[in-house]
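Read through the structure below, which is laid out as structure tokens, and then see the notes.
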Amino acid sequence: MTTQETFDEPLNLMDFERLAPEKLTQMAWDYYAGAADDLVTLRDNRLAFNKIRLRPRMMVDVSQRDLSTSVLGQSMPMPLLFAPTAFHRMAHPDGEIATVRAAGSRGLTMILSSLSTTPLEDVAQAAAQAATAPLWFQLYVYKDRGLTESVVRRAEAAGYKALVLTVDAPYFGRREADIRNRFFLPDGLEVANLRGTGKEDIDRPKGGSGLNAYVASLLDASLTWKDVNWLCTLTDMPVIVKGILRGDDAVRALEHGAKGVIVSNHGGRQLDTSPATIDVLPEITEAVGGKLDVVLDGGVRRGTDILKAVALGAKAVAIGRPILWGLAYNGEAGVQRVVDLLREEFSLGMALAGCASVRDITPDLIFQPRL
Amino acid sequence: MTTQETFDEPLNLMDFERLAPEKLTQMAWDYYAGAADDLVTLRDNRLAFNKIRLRPRMMVDVSQRDLSTSVLGQSMPMPLLFAPTAFHRMAHPDGEIATVRAAGSRGLTMILSSLSTTPLEDVAQAAAQAATAPLWFQLYVYKDRGLTESVVRRAEAAGYKALVLTVDAPYFGRREADIRNRFFLPDGLEVANLRGTGKEDIDRPKGGSGLNAYVASLLDASLTWKDVNWLCTLTDMPVIVKGILRGDDAVRALEHGAKGVIVSNHGGRQLDTSPATIDVLPEITEAVGGKLDVVLDGGVRRGTDILKAVALGAKAVAIGRPILWGLAYNGEAGVQRVVDLLREEFSLGMALAGCASVRDITPDLIFQPRL
Amino acid sequence: MTTQETFDEPLNLMDFERLAPEKLTQMAWDYYAGAADDLVTLRDNRLAFNKIRLRPRMMVDVSQRDLSTSVLGQSMPMPLLFAPTAFHRMAHPDGEIATVRAAGSRGLTMILSSLSTTPLEDVAQAAAQAATAPLWFQLYVYKDRGLTESVVRRAEAAGYKALVLTVDAPYFGRREADIRNRFFLPDGLEVANLRGTGKEDIDRPKGGSGLNAYVASLLDASLTWKDVNWLCTLTDMPVIVKGILRGDDAVRALEHGAKGVIVSNHGGRQLDTSPATIDVLPEITEAVGGKLDVVLDGGVRRGTDILKAVALGAKAVAIGRPILWGLAYNGEAGVQRVVDLLREEFSLGMALAGCASVRDITPDLIFQPRL
Amino acid sequence: MTTQETFDEPLNLMDFERLAPEKLTQMAWDYYAGAADDLVTLRDNRLAFNKIRLRPRMMVDVSQRDLSTSVLGQSMPMPLLFAPTAFHRMAHPDGEIATVRAAGSRGLTMILSSLSTTPLEDVAQAAAQAATAPLWFQLYVYKDRGLTESVVRRAEAAGYKALVLTVDAPYFGRREADIRNRFFLPDGLEVANLRGTGKEDIDRPKGGSGLNAYVASLLDASLTWKDVNWLCTLTDMPVIVKGILRGDDAVRALEHGAKGVIVSNHGGRQLDTSPATIDVLPEITEAVGGKLDVVLDGGVRRGTDILKAVALGAKAVAIGRPILWGLAYNGEAGVQRVVDLLREEFSLGMALAGCASVRDITPDLIFQPRL
């Protein structure tokens, strides 16, 4: 069989990951692919999904599947969001504009990172042109609360529909590849949302990661749950707390005004040897008892992973790195392809598991091995 | 020791698998050996058997072993069937004729696939010449119920003794090797049972797997358990439901008229990360409580695997890919050798486990590790 | 550091195994090192020991250790026997004579295999010259009971002190390396205990293993527990049943007159995927409740393995292959070195675990992980 | 990216280990890195930490972290000690002087080994010049109790603040690399604390390890718990018992006058297949119920390992080999770097886990997987 007879496009999200190093500088690849310390949690996120077995139901009419769902009352064409990831212009010149257009073209919600290389207003404008899928904005609380408030006001004004507060990053984790590379934001790239504040550059340090130094100088490590209340008073946007790994913390989020939580270990980039997100999901959905919506990120690479997360109580999942691999591969079209493959897998997975709608994805789909 | 002094024939079913790529086109090998997504379930089928430990009984008179059993009242020389597999002429020019002759010569029942490259009538005729071992027919329910009914009538007329309804394939799983290869049925091969209907060809697509497109256009993804009742009214052949992985579904099969179930994950080719069949067998045999016969396929490669499945409640096992490896290796004689090796292993395994008959293969043979 | 400055002798039993292939023909190495089917049980014997953790006691006076024990009332300098293994002259020209001299020089009991390449009388004579350590004789019951009886009588006459009846071999397991090699007993070697009966040769077959064919023609696969009673009436030697892997079978051995059992899976050479012997030992010692002595073989390679087996209720362990590696390495002196290393390790292990005598090796030494 | 643009210093303790062989003779590397028998326990120490998952708490004010703790009433800047390790001048010419200066410069307590290559008085003097961090002295009880007593008196006179009695070494474990190397103390190095007693040299033996022979001749293998009482009467220094792996032994230590225990398997160098220290820690802290202080060594390589040990009840941890790797790398500065990296990781780990002080490192940080 000669090469031209085969189909050589990436067929799944892992293919995109394998192709990404060709498209990226070493520093960018290391930044995106890397994680904290020994990468234990990074790998565990994947392994934990792979260990779960699905119990498919047979002889259900699955000729029509309804993949749609809703999170925080917002309807979505499938239970998938774009997790916030930083510096898209490091992956592709079109950066966040390409990403949001791809999301919009599929009706999906992108959570824009505070650390975007495109101003939030420009992203919102591009989104409005592409489609009506709402945008959410990921927020870090800065030591300078005035600056924080101004960013929130700008997001609100630009039409963002929810505020995703990252709570697992009083500091950034120790990502050794970034330290080795003395990570900095390349010439021409900036933290665009802070343009003109004197805080838009991430310079190359003599040692260590420039990003970690940047974050340590900017972010407030003294946050407590009362700050969630403060944030809720600041805006009409619903607040979603991202970075929860314990049931008691999810309950605290609820008590302090959050409307949702994202179960996340920050892609293994914060505390290494944190549990895989799918492993703690049951504890969290049980603790909140449906009183707030639960989204999960971390290791989602296959349609069956979405089935597993939803079966264990998540309203939706979010993907981070795969969006970047698609973006690096081919800009907007690359991201669309990533999303289309995952949607195709999820739709087929629902059919093969006997689920005609997302409501049919119930806990009994999860196999509990006998001891 | 020089080469000619050693015995170089394949000694077990894994040897046949190792030799198969030499005998097959890349596309055929990939089709037979492949499975869905990441091959998790494919590998798990084998691993799960390998993790089970057998507790042999000593000092039982095993000088004579009776390997025979019965399934659906049909006596069999050993608890082994040929699982339905597609396109045997892609493995060997003699195709299903060679396979059925090998089965018949050993008194074993072949389940002919709907997707055979030889018409069911020709296979039945060859079988009748070879021996009296009954044939079973594997059925897909087509969107066109008239076509479905005509195939059932033809199978009945040709003397098939049971109808094996595949229920795990509203669509075909995503087998990436087939997508990469743009799988099609080579010139000269056809879906012989549909000859003359305009649905006998599987063409090469521009992208994707031609088989998946073919199946999506032909099969009915809206089947429900009522269709089993309908099928039972259509024929006097007992109906066996293939593709069950849950106890509740096995009970539903019983309630809707089935006489047996085949515990199967379609060789890992449908929903990836489905459980290994041997891991769900106990749940299923417990649920049906002997009210219908349970057959298992998936990962059976050693005589001890048959012991394990029978000890956990299966009436028999079925093997799929090993038949194809034997067929590719040497046509009818190759399939006979595969079967003879497995029979030899099973017979010896019974002796070494202290079982003089299949009835002696009881649950206490399975070792339960202490915690 | 130059080579001559280091100590290059084998330092442990695994070293002897690594060196053995240099000393043996391929056929002999394959025969000794091989096992049934996929070698699952062979490997599991070792892995199971390696998974067990020992809980050492501190601050016990271990300046003097008493390694001695007794089995069947026979005192032994340490809880170690030589398991019966076949064809020692295939490993070294001195064969069983070298082995028994090494055993005797250390006060250890050798269990002579029925399949020795030296007549049992010659072995007994050599043993008597070397030391006073009693010999035991391993017996297969032949189809020809007269022949069986004559062998028992000869063993008794030659001074053997116990009869070890192998019960796990109605047939021999399928050892694929032997089949590939078309195993036979090389010229000049014979089953010496059957010299002159016409059953002393093991010829090379056209296919398969000559040993398996030999065994199938000679051994009685119809044995039942009543044959243990028969054997007990035949001789005053105590009968020990070798090849037990279940508690109920150990109780049956007791009920039919045996004085001891050897927990053994025949070194993984009979039913593959049988449990590791150390994994079933607790069930067996619990079932017999001290009413008969339990010996274990299978995977013992380190002094700590002996500690583990004794802590879990064994009176002693037996080693098979390591004796052959020592024999191949350097005849009698090689076997002595194997035994001396193991004794040194066991003695040190006792000291480090806080055991001044074998009685101190109690079940609390075994770590039970919390769940 | 060119090499000079990256940061090439060791970034974690494993980096120091990887670099160490370049700085050491083969014999020294083998001695430091080696362990008993098959290195099962050595590896298990690390693996066991890596299997534990931490449940971080979010939204705790961690802008200021208090890393300090106290052990035996002695305050420490972080829960870290230097475990006693032998022969520092084999790693670096400055030997124990460099080590103690590094410890002192960070306010950390070094436990000086009896087998130091620098006299305890010289180490104490160097410590006094560097800082006020107290020193502890590790003691072996010699067969010659007068010699033992004189060493204790000297330690007391030199200002050591605690006596760490090693109880897991009636003999030294079988470290095969040392046997292979015929380990000896190189010219110019001596067991400095025994200078002038005729017991200061460790000569190269004809076979085996010179160290093991040395230890066997010198140490008392008849110690019992009463000797702890004796030691307590001998000195006002608190006695800490090192080498405990069982709850009952920890209780015995308490009953015989010890003020603390160090949970240790001697870095895997004594009884191989002993449990990982972190795996037995819960049993031990539960058994002593806070009545004495528990320190743990064995496999601590990451800041998160300290979190895990403290969460499971340890007051502090000790590190051994990493100190030697730092010493070999760059003397005092190398050791400082090792400590600084670990402190940085621990501090960050506390922040990311939501712990503002060591008191906040509670058992609920440990993830218990559901079954």
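Order as written gives the chain letters A, B, C and D; numbering starts at 1 within each chain.
By definition in this document, contacts are C-beta pairs under 8 Å (C-beta built on N, C-alpha and C of every residue); 3 or more make two chains touch, one makes a residue touch a chain.
Computed from a predicted structure; not experimentally measured.
**Student:** Can you check how far apart chain A and chain C are, centre to centre, with Cα atoms defining each centre and the answer in Å?
**Tutor:** The computed centroid separation for chain A versus chain C comes out at 60 Å.
**Student:** Counting only Cα atoms for the centres, state how far chain A is from chain D in Å.
**Tutor:** The mean C-alpha positions of chain A and chain D differ by 42 Å.
**Student:** Check each residue of chain C and list the ones that touch at least two other chains.
**Tutor:** 371 - these are the residues of chain C that touch more than one other chain.
**Student:** Which of line, ring, star, complete and other names the graph you get from chains that touch?
**Tutor:** ring
**Student:** Which pairs of chains touch each other in this structure?
**Tutor:** Taking the chains two at a time, the touching pairs are A-B, A-D, B-C, C-D.
**Student:** Help me check something: in the complex, which residues belonging to chain D touch chain A?
**Tutor:** It comes out as residues 1, 5-9, 11-12, 50, 52-63, 302, 304, 308, 344-345, 348-349, 351-353, 367, 369-371.
**Student:** Considering only the defined contacts, which chain B positions touch chain A in the complex?
**Tutor:** Of all residues in chain B, those touching chain A are 25-27, 37-38, 40, 44, 167-168, 170-171, 173-174, 176, 179-182, 207-208, 220-225, 227-228, 241, 243-246, 249, 252, 270-275, 279-280, 282-283, 371.
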